[in-house]
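Following this line, the structures themselves.
Two complexes are shown next, each including subunit A; its partner changes from subunit B in the first to subunit C in the second.
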Partner chain A sequence: MKNAFPVLVVLAAIVGLWYLAVAPMNIRTALDQAERAGAVIQPEGGRARLEVSVWRLMATNSEHISAGYDLERPRLPTPAQVGRELWKTTGEMALRGKAMSKRSLIYHASVTLKSTLWGFLLGTFLGIAGAVAIVHSRVMDMSVMPWAIISQTIPIVALAPMIIVLSSQLGIEDRGVPKAIISAYLCYFPVLVGMVKGLRAPSSSQLDLLRTYSASQWETFVKLRLPASVPYLFTSLKIGIASALVGTIVGELPTGAISGLGARILIGDQFGTPLAIWAALFAAAMLAGILVTLLDFAQRITLKRMGLEA
Partner chain B sequence: MAQEPVIVADGLDLTFQTNDGAVQALRDVNLTINKGDFVSFIGPSGCGKTTFLRVVAALEHPTGGEITVNGMSPDEARRQRAYGYVFQAAGLYPWRNISKNIELPLEIMGFSKEAKREHVEKVLKLVDLEGFGEKFPWQLSGGMQQRASIARALAFDADILLMDEPFGALDEIVRDHLNEQLLELWGRTGKTIGFVTHSIPEAVYLSTRIVVMSPRPGRITDVIESTLPRERPLDIRDTPEFLEIAHRVREGLRAGHAYDD
Partner chain C sequence: MITLIFSIAAYIAVWAINRTIANSPDRDDRAARIFVPVMLGLASLYLWEGLVTGLGVSPVILPAPSDIATTFAASTGILWQDFVQTVLKGALTGYVMGCGAAFLIAILIDRSSFLTRGLLPIGNFVAALPIVGIAPILVSWFGFDWHSKAAVVVVMVFFPVLVNTVQGLRETDAMQRDLMRTYAAGYMQTLLKLRLPAAMPFIFNGLKIASTLALIGAIVAEYFGSPTRGMGFRISTGVGSLSIDLVWAEIVVAAIVGTLLYGSVSWIEKAVTFWHPSQRR
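This part shows the complex of A and B:
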């Protein structure tokens, strides 16, 4: 409970600021709507109002500020509106037994989750394999590591369409495959870097000790390097899975995909339904939160079992 | 006791190639260590005392001269499990409990499950850590951790114990206590011990022979035979005999420094 308090204070501050920001963000839309409904607004006409700052509009038309908190297509929806939309497209549909309907965010989240997990598995595997190679071979260290770093400087939004085009050229029908590749592309890097650091964590005297036992390279790896890298691995996995989720969502944006949280965000943008965008964003954030929390649990249990955490 | 040579160095040279050019870590080192000896190596940083121990352990290879351990090359001697090595840092694996840490060399050397248990029990008793086998390293004090690491070095019955400043990171009270225990262990097991230290009283208190070394290039400047009896209570350090030997070590160290700085 002691930990919850500061978190709740920060959360309350964010929600408070958000509510405050809604008024200036939505005042123009609210006034346009009120004018169409016959109210008298100062100054008259949307074009004239563009010349006036939102602060003055709020001062001169204060009775219409509240309308900004209940718009159908707000620039900035209130937390309550986002919450209602989120509930409508998840919990409520689940209660009606339509969790897997195409309009349910649960369905879209599950599509995104599947690609994320495949990408995460692939990325983690590549990251660990790369790290093992780099730590054991100087040639790999000098040839692979620079490319790994360069790979992360290419903006993923530029690369994603290419991967999608390439994979369809190769005749891969399943839309999940390119998404998983994009997701793995983002995910492998933190795993690689963390594992390299972890596998190199043992001190030179610990390595010398194993030499005095005439231990083989394999024994050194299994008995010393690998266990020493576990705390680093979990930290990397937590970053990696969040990156994998971002990768999948980016992969869903430019593809003309119709399912997945990324597709919902894009469709929401095209159809001018900001509530749908915000709901999808929050669903993505919650999904990331759940995944990271699960890994955190796995980390605690593993480290406790290993005796690394009191 | 018959003098049976265990470690014999003859004209040993070792030159490291560094970015700043060649560094002579050892020059013309001649030394014979007999079975059952307790030999300390003392000298300032860079005098090659640790390097010499590492050459004995085949962690470094000489660039000139000869060295044999039990009549074999150091590499062969290692494969025959001739020695256990204790580093300055205990270096216990935090994810293994004390028993499992001591088992580490036994696992690699392929001891049976039964033999492993037996050996661990024996050496735990030897370093006075009975009943601590199930504890994890972080639950033990620094001195106890270092004792566990000594137990690990003793676990596979090597006759030679090489110790590189094993108590250097511990406070003086713990150090005194461990010195006493080490002497007792040495008396009981008859191991041959090579011991690197920075401390004159520690060297004099523990050793049957003290090798004084000096740097640039690393070389032996004096070898002092101790006249102290094998049984040594801690207060032997106040006797004139002890102070006499300590004085000679100090003189040797000073002489080694005379012509630089």
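This part shows the complex of A and C:
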């Protein structure tokens, strides 16, 4: 916990910088609004103001700077505005018993979470199965491993619309399925690489020992390779679940999805409500934080019980 | 139907050949290590071709590789224009700016252990976040042209490179730093001759992660508004107007660019960190 103080100071600095940045970012919108309300602004008219730098505008119209901190549609909302919007669409709706209404971020987060978890399960399964095959079969190692690496250099966002078209053509009604496939695509690779490393972690003297016991390949796998790979597994699972969440949100962005955090960002963009975008972004960040922290707990408990405490 | 049967047979045959090669004593040969995956790739493409033509899949759902190749050859003009807009202007500009800024800031932060301890956990956390979501915000800030795409790329690549560089700069142990002190080396000399070279494996790890993120960022940002060119624009409009073969041609371009970008970063890494155990043969 000795890092807590520096982290808090840095966080406070970031929030401070954010508040400072709000003034120049929002001054034009604030002045436009004030002018429409009848105030006299120097220079007059939004078009003329585009010629002048924001710093000049702030200097000549300093009494209107504060208005930039309370806009309905700011270019850059203040942290407090984002927090209020976040509370309005989560906690407040939950208190009124509407946690699952279509306007609540809890509902959208649960949609995203569901696809993420399915993608995570599928990706983890594929990653572990691939790693087991690669460790035990030289053909798989030589022919599949290079393609696994290449698959990650292909930008998944280019493929995402095609996956959605394909699955709708194949008659898959559930909108969660293509999203889960996209998130599995991003999630399987870290698991595969981590597990290959983990399953190969036992030293040759340990493998030789099991051979002197005349252990079969299956016994070597269950009693030596698998336990040795657990620390690697958890480390890559933490990367995997973060990638799975990125995959789901990428799957929701370009496809006209109607529910999910990515869809909230999309809809916020189309309807020009920046606060909704920011709230959805922070909800996604919190979701990522919660998922990684949960896996971190699972890792600590498991490693402790295995006697591998770091 | 014959193509289908033939392609399945070819696929099985390739696996058998690969199996023989992989279990032969020459398996560590350079030629064998390239031949095996390439053969599998070609066989998979042929299987795709066989499945699509043999089962009569509509080209609106999934075009055959030969159709994609024809479209690719016929529309190189459009593809080149999109490549310039998305990759050269959007992704590469953002990549260079983001990685450069992260590198410089990492060196500045590194001078203060307080800042390092404060920023590392935050940077690690932010690097795991779905940052692509800021694309619509940045598009509304910087306009529809490539500047907003570059901005998205800058933000996406910044944190992985920052975190890896800061971590790499802490890699030297006390013994090595003491040695530099006995040579009466100053801060700059220690940085240039010891700490930066020692950090290179970490920095390149960050650069490699960033190279795949850069393309993702540039393409996603185009879904939120772009001039009438660019890979993301072509893909999203192509899906809408059912010119699926052109979409696949763009995907091929994206795959080639992604692989080349990653490959060239790894190639530079090999040249720079030749001394590192992971590069030794």
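Please note the rule applied: the second predicted complex is superposed on the first by the 306 of 310 C-alpha atoms of A that agree within 3 Å, B and C clash if a C-alpha of one lies under 4 Å from a C-alpha of the other, contacts with A are read in each partner's own complex, and residues count from 1 in each chain.
Please note the rule applied: a contact is a pair of C-beta atoms (placed from the backbone, for glycine too) under 8 Å apart; a residue touches a chain by one contact, two chains touch by 3 or more.
Bear in mind the structure is a predicted one, so any value in this text is a computation, not a measurement.
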{"item": "Three-chain arrangement built on subunit A, subunit B and subunit C clash or fit", "value": "fit"}
{"item": "Partner chain(s) touched by A:P146 [first = subunit B, second = subunit C, both, neither]", "value": "second"}
{"item": "First, second, both or neither for A:P227, with subunit B first and subunit C second", "value": "first"}
{"item": "Touched partner set for A:P6, first subunit B, second subunit C, both or neither", "value": "second"}
{"item": "First, second, both or neither for A:L308, with subunit B first and subunit C second", "value": "first"}
{"item": "Subunit B versus subunit C as contact partner of A:L209, first or second or both or neither", "value": "first"}
{"item": "Angle at the Cα centre of subunit A, taken between the Cα centres of subunit B and subunit C once the superposition is applied, in steps of 10 degrees", "value": "70"}
{"item": "Minimum C-alpha spacing, chains overlaid - subunit B and subunit C, in Å", "value": "10"}
{"item": "Subunit B residues within the subunit A interface of the complex", "value": "57, 59, 78-79, 83-85, 87-89, 91, 93-97, 104-105, 107-109, 136, 138"}
{"item": "Subunit A-touching residues of subunit C, taken from the complex the two chains share", "value": "15, 18-19, 21-23, 27, 32-33, 36-37, 39-41, 60-62, 114-115, 117-122, 125, 128-130, 132-137, 139-141, 211-212, 215-216, 219-220, 223-224, 231-232, 235-236, 239, 244, 247-248, 250-251, 254-255, 258-259, 261-262"}
{"item": "Subunit B partner contacts - residues on subunit A that touch it in the complex", "value": "203, 205-206, 208-215, 219, 223-224, 227, 230, 306-308, 310"}
{"item": "Subunit A residues within the subunit C interface of the complex", "value": "2-3, 6-11, 14, 75, 138-139, 141-147, 150, 152-159, 161-162, 165-166, 169-170, 239, 242, 245-246, 249-250, 253-254, 261-262, 265-266, 268-269, 274, 277-278, 280-281, 284-285, 288-289, 292"}
